[in-house]
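Here the chain labels run A, B and C in written order, and each chain numbers its own residues starting at 1.
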Amino acid sequence: MATEVMETTSTRNYLNNGHTVKSWLLTLDHKRIGLLYLFSISIFFAIGGVYASLIRLELITPEGDLMTAETYNKVFTMHGVMMIFFFLIPSIPAVMGNFLLPIMLGAKDVAFPKLNLLSWYIFILGGSLMLITMINGGIDTGWTFYPPYSSIYSNTQVTLAGVSIFITGFSSILTGLNFMVTIHTMRAPGLTWFRLPLFVWAHYATSLIQILGTPVVAITVLALALERTFQIGIFDPKLGGDPVLFQHMFWFYSHPAVYIMILPSMGVISELIANMTRKRIFGYHFVAFSSLAIAVFGFLVWGHHMFTSSQSMYAGMVFSLITYAVAIPSAIKIFNWTATIYKGSVSYDTPMIYALAFIGLFTVGGMTGLFLAALGLDVHLHDTYFVVAHFHYVMVGGAIIGYLGGIHFWWPKMTGRMYPEVWGRISAAIIFLGFNLTFFPQFVVGYLGMPRRYHAYAPEFQVLHILSSAGASILAVGFIMPVFYFAWSVKFGKKAGNNPWMASGLEWQTSSPPPTENFTYQPVVTHEPYEFEHVEEIKNAGKLENKTA
Amino acid sequence: MAEHATHVPGLAHHFVSMEQQKEAGTIGMWIFLLTELMFFGGLFLAYAIFRYKYPDGFLQGSHLLSVPLGGLNTFILILSSLTMALGVYYSQMGDRKKLVAFLTMTLLLGLAFLVVKFFEYKEKFDHHLFPAIGFWNPAADHPPEQYHQHVRVFLWIYFAMTGLHALHMIVGAGILITLIYLARKGTFTKEYNSPVEISGLYWHFVDIVWIFLFPLLYLTGFHVSGGH
Amino acid sequence: MSLLTILLQVPFLPEQASSFAQEVDMFYLSLWALTIFFSVAVAVAALFFMLKYRRRRIDEIPEQVEGAMALEITWTVIPFLISLFIFGWGAKIYYQMYTEPKDAMEIYVTGKQWMWRAQHPDGIREINQLHLPLGKRIKLTMTSEDVLHSYFIPAFRTKADVVPGRYTMTWFTPTKAGTYHLFCAEYCGTQHSGMIGNVIVLEPSEYQQWLAGGPKEASPSATGQKLFASLACNTCHYDKDGGRGPSLAGVFGSQVKLENGTTVIADEGYLRESILNPGAKIVAGFQPVMPTFQGQLSEEQVLQLIAYIKSIGAQEGAVAAKPAASPAPPTAKASPAAPTTQAPAAQGGQKKD
C-alpha cells in the first residue's frame, strides 16, 4: 500500500517552472519532453484504437457489410501504422525513457537536450504527415508495404506515407543515439555498469537496435517511394527489380523493431518486480545480458518472416535456428522474474498486477512464437490469424501491459500525485480479461485457416470472431478507464511524497515531481541496485507504525 | 558540481565537466556514423544483389561512367581528408590562422568535388540515362539494347548511392562554413575544439564512403574494354 | 448453456486432407502441450509466491536470495535442448514440403488480381477451383501476373507465395475426397479476401470423368508447341544444333555453359528469363540476337512454352543427350553434389549464375 511520507516537498519543480505554452514547446527538459511524447502518443494510440474497433466491428459477420473492402484495407493498414510507428516504437523509450533515464543515472539531463527536443518535433512532423495521409484517403498496403503492390498497383497515398515513416525514423534514431551517449558518459559518480537499474540496460539494448536498424528501413521506404515516383526497377520484377529484396530489407529492421517495442517493457517489468517485492532481481547479470543478447540475435532472424516467400530452403533453416537462439534469453528473463518473487515481500498494488499479467501473457506470446519459428508448421500458420494473435500477445500483452504498469508505477513521480489504487486494479483486471478474450480465439481461428487481412471470411469462422469482438469491447473499456482516473488524480489524487512505493533507485530519492535539474545535490551511488536496506522510507515507515501502535 | 558550470566557456549546464562534454560529443558522432553506415548499407546490399543477378548489365553500366572524372574526384576527396586532418591538428594546437586556412581548403575541395559531380550528372541527363520514367531514353547502342533494363537497374543504384553521398557532401560543406565562421570568431581554443574534431570524423566518413563507391561503380567494368 | 454448446462445436483443427496434415497437426498439438505446461508452471509458481510471500509488515525487508548459477544453467540448457528438438522437427517437415517431388503430376497456376488460374497436364483449365485426383502426388508450379499472392490450402497444411517474375513450387498428396478452402494468404489489394476458391479432391475415376467432361483443350505443351511455331522460335532454335540459337532439345535440367564462362542449370526460372530477357544470359558460342518477348506473352503462355521445351527434353533428351549435359536430368537435380541448385523455393534468378 502506498504510504504518504510527510516531508516538505520542494515547491519548485519541473512542472511549475514556467506555465506558458512556449515554456513547454521550447523546453529542453527531458521530463517535459517525456510528457510531450506522452500526450502525442496517447493521441496516436486513440486513433489506432478507433481503427482497431472498426476492424472488430466489421468482422462480427462473415460478409463484408459494415464497410467496403477498400475501406477495410485502409482501416487495418492505418491501425498497424499508427500502433507500430507512432505508438509502440516511441512508447516506453520516448515517454518513460526520456523522463527517467537521466534521473536513474543521476544526471541533469540527456547528453543532447536540443537534439532531444528536435526528435520530438521530427516525430510530430512525421505524425502530421501520416495524419494528412489519413485525411487524404489513407493507404491500403498493410503496414508492411510489400511491393510490387505498394510500388506500382496501389492507388493510395503510399509515397506520402513512406515519407512520413522515413521522417519518423529519424526521431527514433536520435532518441536512441541520445540515450546511448547519456548512458555511456553521464552516469553519476559510483554508478558502474553493474549498478545500473535493469531499466537502463534494457534501454541500452533498445538504443542499439534503433541506431542500427532504423536507417535500413529508412532507406527501404525511400527506395519504395523512388520506385513509385520514377518507376525504376528496384522491387518490381517487370522492371528488373526484386520484390523479395524489399522483404529482406524491411524485416531486417522490422523484426528487430519488435524488440524496440518489447525490450523497454522488459526493463519496466524488472523494475516493477524488484520494487514491488523488495527483492534484488534474481540473476541480475543474466537479465541484463539477455537484453543485449536479444538485441544482437534479433538482427539475425529477419528471414523467419519469409519461410514461404520463395527464399531458399536452406536460408529458412538458418533463420529458424537462430530464432530459437532468441527464445532462450527471453525464457531466462521469465524464469528470473518468477524466481525474484520467491521469498519476497510482495505488494498487491496495481504495478505488481501488471507485472504478473506480463509474465503470464508474455509466456504465451513467446511460446506461440516457437510455433511460428518452426519451419514446417509456419508454412501452415504464416499469414493467418495465428500470427495476429501471437504478435498481439507480445505487443499488447507484453509491450502495452509493461507500458501501463510503468505509467502506474512512475505516475506519482511524474505528477506528484497518486492514482486511485482501486480503480487501477479494476482496470488492470478488465484489460487482462478483455485481452485474452479478444486474442485467444484468434489462435484457434488462425490454425483453422483464416488468413490475415480478410474483409469477408468463411462462415464457419464466425463464432470465434464474435468472441474476439466481444473481448475487444471489454478491452476498450479497460483502456479508457485509466485516461479518466489519471486525469482525475492530477488534481484530486493523494499527494505522493518522494517515495510512495518505498522503492530503491535514484529516481525515488528526489522530490515528486522532481526539480528541473533533477537533484538539488550531486547524487553518489555507493551500492548495487535494489538494495532495500538502504531505503530510508522503509525504516521510517516501520518507526511510524510502531509509534502509532 | 554546479560551480563548474557557470565558469567554463563552452560547457553546457547539464554536463559536469569539459571532459564529459567532449566524450559525449565524440561518442555521439561515432554512433551517428554507425547509423550512417547502416543507411548506406541498405544500398550496398541492393548493389551486391543486383550485381550478382545482372553481372553483364553492371559491366555495361559501369562503362557509361567516366573513370577519369571519378578518379579526379577520388583524388580531390583524399586530398580534402588530409586538409581536414590538418585542420583538426591546428585546432588542437590552438593555431587559429592555420585552422581557418585548412578548413577553407577542405571546403573548396568539397565544392570542387560537387562541381565535377554536377558535370557527370549533366552528361547522364543529356544522354537520357537518368533512370526515371519520362527521362529514360538511351541510344540504342549506348549501352547495347539488350542490356537496357539491367543497365537501368545499375544506374538507379548509381544515382541513389552517389546522390546520397553528394547530399552528405553538401551537409558537410554547410558544417565547414559554420566551422570557418566560428574559427574566425576565435571560438576554438586549445581547450575547446571538439566541434572541429567531431566534424572531422564526419568528413572522413563521407570520404571513406566514396572510396568504396568509386571502385564498385566506376571500375567494375574497367578490366573489360568496350561492350560485347 | 447454448453458448457452451456452440463453443464446443468449434473445431480445433481443420480437416486433414493431405499427406502432410497429420504430422503437422501432431507437431502443433505437441507445441500446445509444451506451451500449456510452461505457461501453467510459470503462472502457478508466480501466483503461489505472490500468495505465500505477500507483504505482511510495511517495513518488511525480505531475506535476499542471490542468483544461483545451477538454476540459471538449468533454465538455459533445458529450453535450448527443447528448442533444438522443435527446430529439427520443423525443419524435417519443411524439407519434405519444399523438396521437389518425384513423379508428380504438374499443374500450372497463375495468380492475378483477384483470381487463381490453373491448367492441368492435359489442357483443362479452371478458375478459382482446383480438381485433384485422390492419392496422386501433385506439384504446382506457380507464378503471378501482377503482385504477390500466396496459395494456401488449410486442409493440406501447405502454402507458398506466388511471386511475379519467378516460379515457386508447392506439392502435396490429397488423402481424402472432399471440397476444401483455397485462400490467397498474401495481401494483394482490394479484393484480397475475394481471391478464394475450392479445392475439390475426387476419386481417380471421378477425376478422369471430370477431365473428360470439360471442354477439349490442348495440353500446355501442345499449346506451347503451337506458340513456338507461331512466334517463329523454330527459325532459330532447331531440333538439332546448327541454328542461330541453341537447340532446345534436352536442354531442360541440363547444365548450360554461358558466354561469360559460368554455367547454369536450365530450370524453369532460367528458361523464363531467356524468353523474356534473352540478353541476360548468353549461351556460349551464340550471339545476343534474340528479341525480347517481354510484354508480348502472358505468364500462362510463358509456362506453356516452358512445358513444350520440357517435353522435347523428355522425348529426345534421353536419346540425344549432349556431351556437355550431365547424366539424366532427374538424377542431376537430385544429386547431393549440388544441394543449392535443387532448393526449389529459390527458382528465381538469384541462384542461377
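Keep this in mind: a contact is a pair of C-beta atoms (placed from the backbone, for glycine too) under 8 Å apart; a residue touches a chain by one contact, two chains touch by 3 or more.
None of the values given here were measured: they were computed from a predicted structure.
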item	value
Chain located farthest away, centre of chain B as origin (C-alpha)	C
Chain closest to the assembly centre - both centres taken as Cα means	A
Centroid spacing, where centroids are CA-atom means, of chain A and chain B in whole angstrom	36
Chain B and chain C, separation of their C-alpha mean positions in angstrom	44
In chain C, residues with contacts to at least two other chains	277, 349-350
Junction residues of chain A, two or more chains touched	240, 242
Junction residues of chain B - those touching two or more other chains	49, 53-54, 57, 149-150
Touch list for chain A against partner chain B, complex	107-113, 173, 177-178, 180-182, 184-186, 211-216, 218-220, 223, 226, 229-234, 239-242, 245, 248-249, 522
Complex contact set, residues of chain C against chain B	259-260, 277-280, 288, 292, 349-350, 353
Contact footprint of chain C on chain A as seen in their complex	1, 3, 64, 69-70, 73, 140-142, 144, 146, 148-149, 152-154, 237-238, 240, 242-244, 277-280, 282-286, 307-314, 316-317, 320-321, 324, 327-328, 331-332, 334-336, 338-339, 341-348, 352, 356, 359-360, 363-364, 367-368, 370-371, 373-380, 382-384, 444, 447-449, 451-458, 463-464, 467, 502, 532-533, 538-539, 541-543, 545
In the complex, chain C residues that touch chain A	6-7, 9-14, 20, 23-24, 27-28, 31, 34-35, 38-39, 42-43, 45-47, 49-50, 53-68, 71-72, 75-76, 79-80, 83-84, 86-87, 89-99, 113, 146-148, 150, 152, 154-155, 157-161, 163-166, 168, 181, 183-194, 277, 294, 339-340, 343-351
In the complex with chain C, residue positions of chain B that touch it	49, 52-57, 144-147, 149-150, 228
